[in-house]
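Handing you a structure now.
Naming follows writing order (A, B and C), and every chain is counted from residue 1.
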Amino acid sequence: MIEIKNINKKFGKLEVLKSVNLSCKSGECIALIGPNGCGKTTLIKSILGMVLLDKGSIEFNGKSILGEYIYRENIGYMPQIGRYPDNMTIGQIIDMIKKIRNSNHDLDEDLLNAFELEKMFDKQMRTLSGGTTQKVSAVLAFLFNPEVLILDEPTAGLDPLASEILKEKIIKEKEKGKLIFITSHLLSELDDLVTEIIFMQDGEVHFHKKVADLKSETNETKISKAIASILKQRQPGTPNPKLEIVS
Amino acid sequence: MKYLVAFLFLSFSLHATTIHVGKKYTVKSVKKGIALAKVGDTVIVHGGLYREGNISIKKKIVFLGKNLPILDGQKKHEVLSIYADSVVVDGFKIIKSAYATITDPCGIKVYNRNHVIIQNNVLDDNFFGIYLQNCQSCTIKNNYLRAYGKEEQQLGNGIHCWKSNDILIIANRIDGHRDGIYFEFVYDSLIWRNISVNNIRYGLHFMFSHSDTYITNVFKKNGAGVAVMYTKNVKMFNNYFEENWGDSAYGLLLKDISDSYIFNNRFARNTSGIYMEGTSRIKVEKNIFESNGWGMKIQASCMDNEIVNNNYLKNTFDISTNGSLVLNSFNSNYWDKYEGYDLDKNGIGDVPYHPLSLFAVLTEKTPSAMLLYRSFMITLLDKSEKVLPSITPDNFIDKTPLMKSLPL
Amino acid sequence: MNRIIKIILLDILKSKIVLAYTFILAILSWSSFALEDNSAKGILTILNVILFTVPLVSILFATIYLYNSSEFIELLLSQPIKRRKIWISLFLGLSISMIIAFFVGAGIPLLVNSPDSVGIIMLLNGCLITVIFTALAFLSSILTRDKAKGIGIAIMTWLFFALLFDGLVLFLLFQFQDYPIENAMVGITAFSPIDLARIQILLHLDVSAMMGYTGAIFKDFFGTSTGLIVSFLLLSLWAIIPFFISLRKFNNKDL
């Protein structure tokens, strides 16, 4: 579904993505993990076309996304920090996105109902807490029944109840056969969600494995522990190579 | 026999005869009509077109047009020449006089006579319109003069008076001539209620014409406005000087004028309202200067002029000068740019007003600086100069500026 | 596109800053017209507003708005909308709302008190200046990601055109006053949109003076209908070129 071929991206001197190759198919739920500044968000933004590549190409359903925009109809994106026009209310924001999309898909209003956002429809965005803003972002990401969901730190800032609702929703969508990307630092959360893991470090894909394979290789039952053990095996000597590049 | 009876009747009853000229009458030609007339007779010319070359009147008659008969000079002749005293010319349309630069052919010309009255005529497309040469006590009234040339040298003046005195010029309209009204060596005359517009050069132009009075005339949209030179004892009251625009156009150009009085006129939308050069001892009182580029330009060669009780409104520059010597007085005028205060409420500003702005001085020296006018920079410079005069002469002031405009 | 413009327009028109801007313009204009029995003071006030306040507010407000809506732009970018459409919509939304603010605040009193060629030409130039400085704001905000730097660039741009440029011209004028530089001066004004607008208004406001000495030269250029069209075209270029550059940069920008 999404083919990432040998992409490179530099911000100034800093190489953020170094020849990344990935192939993702529908039905997969991929966790994108790695330390801060490893290029996760840049990768996501490249898929969304917000970051333009220096080299390589990204194909969506077999077509390059370069200069395209219609493919984004099939992507629901939940940003890490969603900020919206201050003066608009929740209702207006949702209406606005509906109008912009102008889609004739059936709308998926599960989350809207589950988060009970309709009660707060006439609240202005600037008065909202971080968590409520995240809820709005989540609702928007799922609203149009997209084939691909990209969730950047979806549960950060959400209360446990809301975060549970969101997780259930993600699982439900996964079962519908959608492709889902999640970035998160809370590895424990991912256990029952993801089917594959992409680990990135310093702009490179460290590994891309099925969760099941990963667990069996390391004899661990938890993702967090499995990853920890892999990291210990692979990189004993170089604690942070990024510093060397910068200096 | 018939003529004899008529003659006797005339001489005994002291009534003049009337001779009718026209298609329907026995006398068909104007010239013949005039020839038939005797001193004191009336010749009535009825409507129609008369192409008879030059028509001369050499005896005292009343020459009347009915239904605007047209006398056509066919661009070959002077149309009407008057060589007799006390002739009356009334109600003609006189068109197409010849064009020549030495003889100056005219629509109507009066040669060295007095008490001639020229009234209610239309003069269209003539070289000179009405020309009084060496005349006394003549009246030119209610005529409409129109010319169409584009170049100064193709055109003569509308009403041209030379070496005359005691002339009355009343309620004429002059449009499109070279100078609307031109005086040279004309004394003790009155110009009243005329409208002089769209003339190529000056609306009114006089030189060496002392003791004349100009009242309630309109001089508008003339190529270079009004120019008066080398004259004393001029009185100008209630005139309008408007929309005289151009490189060297002035509402009123005063050059070597002295002992004169300019009262209650209105100068609006001229490049310069009044331009004074070598002018002395004149009083400019109760005039309105409105929306002019320069309200007044007073060259350094002017002295002892009094500028009192005028309104300066919406002018780009109220006053400008080319020197630093101030020999003229400005008192009790209203300046709309005055920003002072009046604490004792006597209607007179407590701070003197500097009518001369820094930028007016700058543009006088470097005219292209006009490009920067009203830019923020210049406004700042002007404001600081008003507070602390350094370039503009600091005695160039109105000590008693009025707080409210005068009701003029 | 219309939907996005409408959304942005409503968002801006509801913002307190724009309301305050409109309100202040209105108070300034109405009071300066009411103060004097002739309209000269009011016209001058609005002239200064056009040459000074309008550029400043347009460029500052637009720059800050763009920085503040960077997340909103990201939100739009994740939607199936063309990039250039987003940027153009933002530009139109900002320009239109600033024009509305200017028109309501200063334009209406202007047309009521001076319904002649001066009023109309001032109104037109005010609107153009608004658009031009909005476009310059787009350029300065795309040049740097740093908000403080971007606002700094915006203020410098304004300062340059409102003040420094004229100082430069004045300096040139006096340096070269012995040479026939009038034509060159006319050319130089093309490099400042504020000067172009100012001279156009000047030719209508101070028509009597501009017809004088050198006025003839300015009048020959700006006063003819060709000159008028050329200077309006130049003003339009001042809006189009900075915006076009910013559009190209936006198209190739990582967000």
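List of remarks:
As a convention for this text, a contact is a pair of C-beta atoms (placed from the backbone, for glycine too) under 8 Å apart; a residue touches a chain by one contact, two chains touch by 3 or more.
If you're wondering where the values come from, they're calculated on a predicted model, not measured in any experiment.
Taking the mean Cα position of each chain as its centre, B sits at the greatest distance from chain A.
Comparing per-chain C-alpha centres with the mean over every protein C-alpha atom, the closest match is chain C.
Rounded to whole angstrom, the centroid-to-centroid distance between chain A and chain B, based on C-alpha atoms, equals 88 Å. Chain B and chain C have Cα centroids separated by 46 Å. Each chain gets one centre point, the mean of its Cα atoms, and the points for chain A and chain C are 42 Å apart. The part of chain C that touches chain B in the complex is made up of residues 36-38, 40-41, 44, 47-48, 51-52, 162-163, 166-167, 169-170, 173-174, 177, 181-182, 185-186, 189, 194-195, 198-199, 201-202, 205-218. By the touch criterion stated above, chain C contacts chain A in their complex at residues 3-4, 7, 11, 14-15, 68-72, 74-83, 252-255. Interface residues of chain A facing chain C in the complex, by the touch rule stated above, are 9, 11, 45, 48-52, 69-73, 75, 77, 79, 81-88, 96-97, 99-102, 140. Every residue of chain B that touches chain C in the complex is listed here, in rising order: 245-247, 249, 269-272, 291-294, 313-317, 336, 363, 365-379, 405.
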